[in-house]
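Order of writing sets the chain letters: A, B, C, D, E and F. Residues in each chain are counted from 1.
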C-alpha cells in the first residue's frame, strides 16, 4: 500500500527507464518492508529544469555554467 | 482552509468534470468537518500513464495487458 | 487508482470523521469520474496550527487575533 | 537541505521570475534558519487554472466571473 | 538531484529499515538513471492507519475486518 | 493563491522562526509575482532526521559521522 512520488528533472528519461524504476522501487519496498507489491503506487514527476532550483539557482542556469 | 491534492491518470477528464470534482470535495469538507469553503483549495494533477505505476508496472503496460 | 492527499489543521478531528471523509472522497471519484473505489487511496495530514500559514501569519496567531 | 515545493497557477511566469523566486526562498531559509543554501531544493509547479479550485470552483471560472 | 517521497503506514518500521530503504532507492536512481547519489533526497512519511484510506475505508478499519 | 510546502528536519525550530518564514515566503511571492498575500498558504513539515535521507544515508547517520 505504499505511495511513492519521485521527482526528477525532465531530461529525456525513456518509458523503459520509467518502467524499470517503478518495478525497482516496488520490489525494494516488498523486500525491505514486506509491502504488498500489488497495491504499491509509484508516481514519477518530470520537472522542467527552469522550475527546479538547487543552491539558489535553477538547474538550467547551473548547467549553462557547467556546474 | 483545507488543501486537497488529487492525482489521477491523464485520461481526457473534462473541464466540467474537474469543476464538479472541486465543488464536491469542497462541499464534503464543509459538511463533514465544518471547513470554510471559501478558503478550501483543491489542486488536480493529471499524470501520464507512463509515469504512474501500480503493482510494479506502469498503467500503460497494464492496459496493454488488459488489466 | 486515484491518489488524494488532504491537509487540514490538527483540530481534534475524530476517527469517525476521518473515516467518513475517506468514504466520501472515494465515492465522489467513483461517481464523477468512474474511478475504481477499491484502488483509490486517501491520505489525511493533520498539520499543527503553528506550521500552517495563511495571509502571511500562522493559523495560531490568526486565532489569537480572532480572525 | 530544506525542500520547498511552490504551486502557482500557470500564468506566464517568466524564467527570470522563477530564478528570482528560487534565489529568494533559498536566501530566506539561510537567513532565518541557518540552512545551507547549497543543498536547498526548490521545485515550482505551474498548475492550469482549470485544475486549481478555490471556494468550490475553478480559478478559470472565478476569473470569468471577475472574482 | 532527484527527490523521493515515500509514504507508508506507521507500523514500527525500524531506523535500520529506513536507512536501507533510503540507500536502496538512492542506488536505484543512480543505477537506472545515472543520478548523482550525493544530491538524491529521500523523505519517508509514516502515516497513522486512521489517516490512510483505501477502498473507501481506513486501514485501521480494514485490519479489524481482517482484510 | 499560491501554495507552498516547506520540508525541514525536526531541529527545534521555534514558533517565532516558523512565523517569520511564513511571513517571508508570503511577502516574496507578493513582491516577485504579484500574488495576493491574503490567500497564500504555507505549510511547514518538520521531518525526523531518521526519515530524511541524502547521499544514500539518513541525516541522523550523517551527523554521527560529522558530515
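By definition in this document, contacts are C-beta pairs under 8 Å (C-beta built on N, C-alpha and C of every residue); 3 or more make two chains touch, one makes a residue touch a chain.
What you see is a predicted model, and the numbers here were worked out from it, not measured in a lab.
J.: Starting at chain A, figure out the least number of steps needed to reach chain F through touching chains.
T.: Minimum number of steps from chain A to chain F: 2.
J.: Find out how few touching-chain steps suffice to connect chain D with chain E.
T.: The fewest touching-chain steps linking chain D to chain E number 1.
J.: Taking contacts as defined above, which has more of them, B-F or C-E?
T.: Most contacts of the two pairs: C-E.
J.: Calculate how many whole Å lie between the centre of chain D and the centre of chain F, each centre taken as the average of the chain's C-alpha atoms.
T.: So the centroids are 14 Å from each other.
J.: Take the average of all CA coordinates in chain A, do the same for chain D, and state the distance between these two points in whole angstrom.
T.: Chain centroid spacing, chain A to chain D, equals 20 Å.
J.: Mark out which residues of chain D touch at least two other chains, giving numbers and ranges.
T.: Those would be 1, 3, 7, 25, 39, 41, 43, 52, 54.
J.: What are the touching chain pairs in this one?
T.: A-B, A-C, A-D, A-E, B-C, B-D, B-F, C-E, C-F, D-E, D-F, E-F
J.: Inside the complex, what are the residues of chain B that reach chain A?
T.: Touch residues, chain B against chain A: 7, 47, 50-58, 60-61.
J.: Which of the residues in chain B come into contact with chain D in the complex?
T.: 15, 18-19, 22-23, 25-27, 37-46
J.: Would you pull the chain B residues touching chain C in the complex into a rising list?
T.: It is residues 1-9, 13, 17, 20-21, 24-25, 28-29, 32-33, 35, 39, 52, 54, 59 of chain B that touch chain C.
J.: Within their complex, state which residues of chain B touch chain F.
T.: Its residues touching chain F are 1, 3, 39, 41, 43.
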